[in-house]
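Two complexes come next, and they have one chain in common, subunit A, joined by subunit B in the first and subunit C in the second.
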Partner chain A sequence: MSSQYPSAVGAPRPRADGRLKVTGQARYAADHGPDDGVHDLTHAVLVDATVGRGRITAIDTRAALAVPDVLTVIHHRNAPRLTYRDNPFPDSINPPGERLRAFQDDRVRFFGQPVAVVVATTLEAAQHAARLVEVTYDAEPPALDLATAPVDEPVEYSRGDVRDALAAAPVRLDATYRMARNHHNAMEPHAIVARWDGDRLTVWEKTQWVTDPRNELAAAFGIPQGAVRCYSRFVGGAFGNGGRTWVHSVAAALAAREVGRPVKLVLTRRQLFFGVGFRPAYDYRVGMGSDRDGRVTALVHDIVGETSTYERHEDDLALARMLYDVPAVRQEVRLARLNVNTPTWMRGPGWSTAANALEMSLDELAHELGLDPLELRMRNEPADDPSTGQPFSTRRLRECYAAGAREIGWHRRRPDGTRDGDWLVGLGMAAGAYPTERAPAQAHVRLDAGGTAVVRSATSDIGPGTTTSMAQVAADALGLAPWAVEFRLGDSAMPPAPVQALAWTMASVGSAVQSACGDLRRTAVELATGDERSPLYGEDPAAVVVRRGWMHPRDDPRRGETYQQLLTRNGRTHLEVTGGYEPPEESAFSMYAYSAIFAEVGVDSRLGMVRVRRLVGVFDAGRIVNPMLAESQAFGGMTGGIGQALLERTVTDTRDGRIVNAGLVDYLVPVSADVPEIRAIYLDGSDAEANPIRVKGLGEVVQVGVAPAIANAVFNATGRRVRELPIAPEHLL
Partner chain B sequence: MRDRQSFEFALTSAAVALHVRGGVVTDARIAAGGVGTVPWRLTAVEERLRGRRAAEPLWAHAAEAAAEGARPLARNGFKVDLLRRTVERQLRVVGGTP
Partner chain C sequence: METRPPRSRLTRRTFIAAASTTGTVVVAGAPGPTASGEEPARPPGPAAARGDGTTGRVTFTLNGRRTSLVVDNRTSLLDLLRERLDLTGTKKGCDAGACGACTVHVDGRRVNACLTLAVRLEGAEVTTIEGLARHGGLHPLQRAFVEQDALQCGFCTPGQIMSGVACIHEGHARSPDEIREWMSGNICRCGCYVNIVRAIGQAARGR
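Entry: the complex of A and B
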């Protein structure tokens, strides 16, 4: 390969849309209007239930309708019956159960459930009128407590004989870890602009997957999927709750149909706490047995997590089955049926929850044994995946440990921490993993006679920089400079892509982009080698390479021609190809991305304040397509971990299910002052088994293990084991 | 004293003004925040300070009185102790350690 031009993949390129974002030109869902053909826009505001469970007995809309500019108030008594076809996975990511429907019955399932929507020609009128809608309820006591709510039958996993292994273990641990409910709190609120043209619906929606609103709205209104078009070019963060299409989107589309005009609906920050999912709270009981050398022999997890009364959201809590070489493992996961809206994925879904419990308990075991926590993990490092017996595609956790220990200065760690004035200082670490997932995807590429290319796929860019990184992949596959390639996304009419979640976009869409662009490059080369007028006529196409749009025999860089010359001479305006990626059904390998997190914290010895002083994350994530974007992802994920560890908890009023801290003033996400020096290190490498791009996924694993590393550092600093996240000053007084 | 480092109300806070002449506290004004619906003057602490030597045993002794008469609610009982500690810390910050 010629080294004259470095490959685009692997280069730290800034975001292609960075200028649009920082100059306010990037338009998000709620920004759409006349420029997009949305005229006579009206505004919808939801009226939310003020009881946690019960029935609506009366709705008085007279005062609301009397407000000037109000067009209508829609509720279950006057709403048309909607079709609501079933729309299960994989057409959607709706979890099993019966999804919440827009104004189709009188039942209140949770506090804050939308019970009516007001539509007006001005936002102010709609907001005012929404407060004037009088709803009367027959309230019932809601189920709100994880410990006492009815639970479903457990989902069980078992290998080996846990009972015998525990009984025989000379060292045993039994501890319950409690993790608070977390809310996503992306900067951009959920928003939708909906416009009907006859029986066709167009929506501009905040979503991680343009296909999902298309399918869900089509299902709700009983129209073909092809009759709905969803656009979502820019997303201001999502962290998981933009994956599925929530009831407010159906409410907005319904409102638009009823008033015969386009409707915009933007959830308030407060409403974002009630209607668009959350990371469920968990009670996580860990039983562990070990020999005196720290070989873990038995692991028992009895887990209770939150779900709603009407759907089963199940997090994937499989971490403990594969992270360490434990012969006997038993897990029982029970879901408590609460009067809440259905939880959903949140960054590092399941795996971060599981890592919190597993990694805090391992730290306890290390302390019990008088062993360095890092050494304990080394002693339980498996040769193959203990849950499947498969070899690992790549697993370089030992290297992560070594790099992280070096970077944080792990040798400075003392079993009882150290002291710095009023501050107790401690070091902690934790490991994590996240599966390397892949899904079918397609991409379309068009190479124009001008020598530039446009690649399109119906994926999203919720923050990772997909627009930028896909162009890098395409540039290399086409043999073009990165600036000559534009990647477009966020339109449901584009070739299908999976939801942007589970850290699988590069593996899936990236592979499709690479495949389509490779096909196009070969098409062009074959056109040239078969063209008598081409300097490449008669060459073996396999021996022709393309660099910066210049096709030439591999061994003769000076003889060749450009794409531009080839297309122009042949009277072609463009070449185009649609290509795809279809992952193999099964793999012979166990594929995961890994994290090793190291934290240094200070705890005020008298006041209990915890301050993270340093945070180091080392990741084994396969090939890194864009180190600049990857670093940014790690900073975001690790900051989320600080929130999980020390700040973020949703608090419910136990009387009625009202969330009492439903806002950014009271639900604490880390601010800049809470984020210390963060260092993110990606091991240099790639994973040839994982997918054609050789990536393992990084958007999720960057948050897995962060919170327990901080919690373990708090223990090292103070000698106090707080088995509750987030850790608050009150736990440390 | 707060869990988040900015954009956050205090769990407990203490405002301390000390008049010190010749090593003796001649007057003191102490108020606490985060423990009531309004800033709360801690006169009991002030009384313990006046006329005493501005030196180490005094701060903890005076701060002991910070939560006198406090009636915590179900979930904020920790603030009683936290308030004493916050006042003590701030007395030391303002009054100094020898």
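Entry: the complex of A and C
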């Protein structure tokens, strides 16, 4: 129940921490030092395996230890045995399997695996000494090829009779799409500062979830979760890679314990390609049957994706089950066991991968049928969720299509593209969806007698502007101006919140914040209506609203008092409430956010170079808490989609598993010159079924469908169907 | 008394070679405790006392203050700022000159601090994000970044702003296309380019 005036939610408020970020005062993990009580800081540098699989037979540290200022070199021969309690989901987001441990055995599972750590009093000495550590290996040939590596038993999904439906279909399509491995490459490298005080460990860690390092480090060292404190107020981007706690964090804490001084460990850009996760590569085969009017009757998805030899990372690839009204669907997902680090979530996890294949194949079908790709999608739009039979809470994909088509000028599209000088110009589109997820969360709010409030929850702000948007939610629930509310996050001692991922932070933490702040407002109002000295004495509390800190009967805005007056008169320094959100176990509705992406590309007819000329995204994401921040998120997701479509791929040396383009010079991410004017449109609306905030989540869906829209535009421009992402000039020459 | 360094015409590449030839900078009103040598409050570089030719004394102007200290010859300007002077606003994104997160101004030009050896800064004038605006105010481009929401995680932001200020001064901010081209050395993985271009355009027009 909200009797409050919504005024802050929906407003395009600039970031609350914008000033800190533009002046360089925002402190990220590696920025912590003396001002945070970290004294006598030492520096740790990892030594990485130079073979892709095998055993370590010898480690010679003499030259490294002879470097002045070096304190120690830790490796599996001298490292203490660590407890490594099991720490499965939901205490962590470690995937099933046996996780990589810091220097606990002689086995090399992938090229670049940390095999030793050098600690020195200066960074320069540690870097130099790390190069002097000589490791000898008994190397074995690593498994690196998706097509030939051993695969796990498939995970299967099936509805209807695919074989009959395919046999009966007058139009059939069979195509395999290959998607390259992508690395997150957040601008902030993974970094940790670790300090022990007796048996208590404090870390300043780059993470999307302060709870995860706390639990994983406690498990590794065999200490209570409460003995670890994790801070992470500012995070320099993560895109999924800061969800779980990687082995280098344990290595840093171990190093700190061994040298008896705080340790800072920052992965190099090169190490980020080996030492943390990535979006797995996929071979994604689509079989499709359709009638001549473009009604898809059968869909077969045979998928092979990457995982490591020791853990099973599984992306959620369910898009093809629910996006279109297809009676017969069969899906088999196999994971190949490779000598790689374990993959992890990356923006739009699974759903963007599935959209790449599904939406490119639909474009192929449209071409085969001579049908407008937009019209083909309209003809397959379901009334209810075909995978569950449930009604959609809200599904406004048709409106997305209409708005996007209008904005890009879809009517200008010609089946064979157009020409602009040397440039072949094409238009393409694609759809996408991402599930509306929710998780339990808690928040604490304290209203001070001065009339300002502080709200806290152990969530993160990896870039969406959580600090700002949560303050807006709190402000409306409390009846305060947004400037009077401060939202704090990034401390594992705060009330628990889920990992900032899956686009569920506003749905989950936002709902907890709204609940706690609403409870506090009602507490204050009841205090006033029960107080003989209050102008609100005797009023029905349910009929009292609060605006800008002024409590008054809804129908009499002039009679009332402020929070300050109430608290001061009652001798209260503050009021505080801890509230929470517990999502229902099940819902009667199918809940998703949707995207419709439209792209205009130019392809240089002689060079094969692809330029995105215009990009339009229309999103059905429920209520938008802050349109300014939401627009920025869409720009970001769509820019990431440009990378997926045209630039980003990891290239592995198949002899030893070395990633040969492990750096920002060779692994290309979009730069300013790659990104045109982007238009992002959110449909007005809200989803009452989704959660108390009525949002559907937007951080993931903004990247789903972007890459295939661009790929489909390339086809429209050139007539060349490239079934590989990223599309490179050599594909088009 | 104030002595300005000679106006140099340095490129990113020639800077390292040329820096040691410029004159010593003394800024009036900022003799400060650093004039005598080591930063007292920060951990000294342990290599400082070695005297074996692996260290060197360097005196330069940092955000308007004369700074003189002994550095390990291997130390980059970026590591000097971050690890010894606690000026952590300048970020390390790649340590290889490929991302621009460490962009600072040396003698008024934008350079990658990760590619600049500290020991070669003799006499140079260095400005970091912490020294861009004085007296607690905001530079017009800092304000434009907030107003245009030209940042998300904020990690590349100091480098974007230092680069953007130089881009405007260079006269390379006359159109969105020109800004895109001349700002492409600064990666923003959150994908704020659309708003960064707008912010730089806004600040450039406001000059």
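For the reader, a short list of remarks on this structure follows.
Simple rule for what comes next: the second predicted complex is superposed on the first by the 727 of 733 C-alpha atoms of A that agree within 3 Å, B and C clash if a C-alpha of one lies under 4 Å from a C-alpha of the other, contacts with A are read in each partner's own complex, and residues count from 1 in each chain.
Note that in this section a residue touches a chain if its C-beta (ideal position, glycine included) is under 8 Å from a C-beta of that chain, and two chains touch if they have at least 3 such contacts.
Computed from a prediction, not measured in an experiment: that's the story for all the values here.
Partners subunit B and subunit C, once the complexes are superposed on subunit A, both fit on it without clashing.
With both structures placed on the common chain, the touch criterion links A:671 to subunit B and to subunit C. Put simply, more of the residues of subunit A are touched by C, taking subunit B and subunit C as the two choices.
Contacts of A:81 after superposition: neither subunit B nor subunit C is touched. Of the two partner chains, neither subunit B nor subunit C is touched by A:558.
Contacts of A:647 after superposition on the shared chain: subunit B is touched, whereas subunit C is not. Legend: residue contacts after superposition of the two complexes on their common chain; A:235 is shown touching subunit C, with no touch to subunit B. Seen from the CA centre of subunit A, the centres of subunit B and subunit C span an angle of about 60°, rounded to a multiple of 10. Using the contact criterion defined above for the overlaid structures, shared-chain residue A:411 touches neither subunit B nor subunit C, since it reaches no partner. Using the contact criterion defined above for the overlaid structures, shared-chain residue A:268 touches subunit C, although it does not reach subunit B. The gap separating subunit B from subunit C in the superposed three-chain model is 6 Å, by closest C-alpha atoms.
In the superposition on chain A, the residues of subunit A contacting both subunit B and subunit C are 665, 670-674. Across the complex, subunit A meets subunit C through its residues 14-15, 17-28, 30-31, 33-35, 40-41, 43, 68-69, 121-125, 128, 184-189, 234-239, 266, 268-269, 462-465, 628-629, 631-633, 635-640, 663-665, 669-675, 677-678. Residues 1-8, 11, 78, 81-82, 85-86, 88-89 of subunit B are the ones touching subunit A in the complex.
Those residues of subunit A that touch subunit B in the shared complex are 422, 606-609, 611, 646-647, 665, 668, 670-674, 728-730, 733.
Taken in their complex, subunit C has these residues touching subunit A: 41-43, 45-47, 50, 72, 74-75, 79, 82-83, 86-96, 98-99, 101, 128-130, 132-133, 138, 142-143, 145-147, 149, 151-158, 161, 176, 179-181, 183-197.
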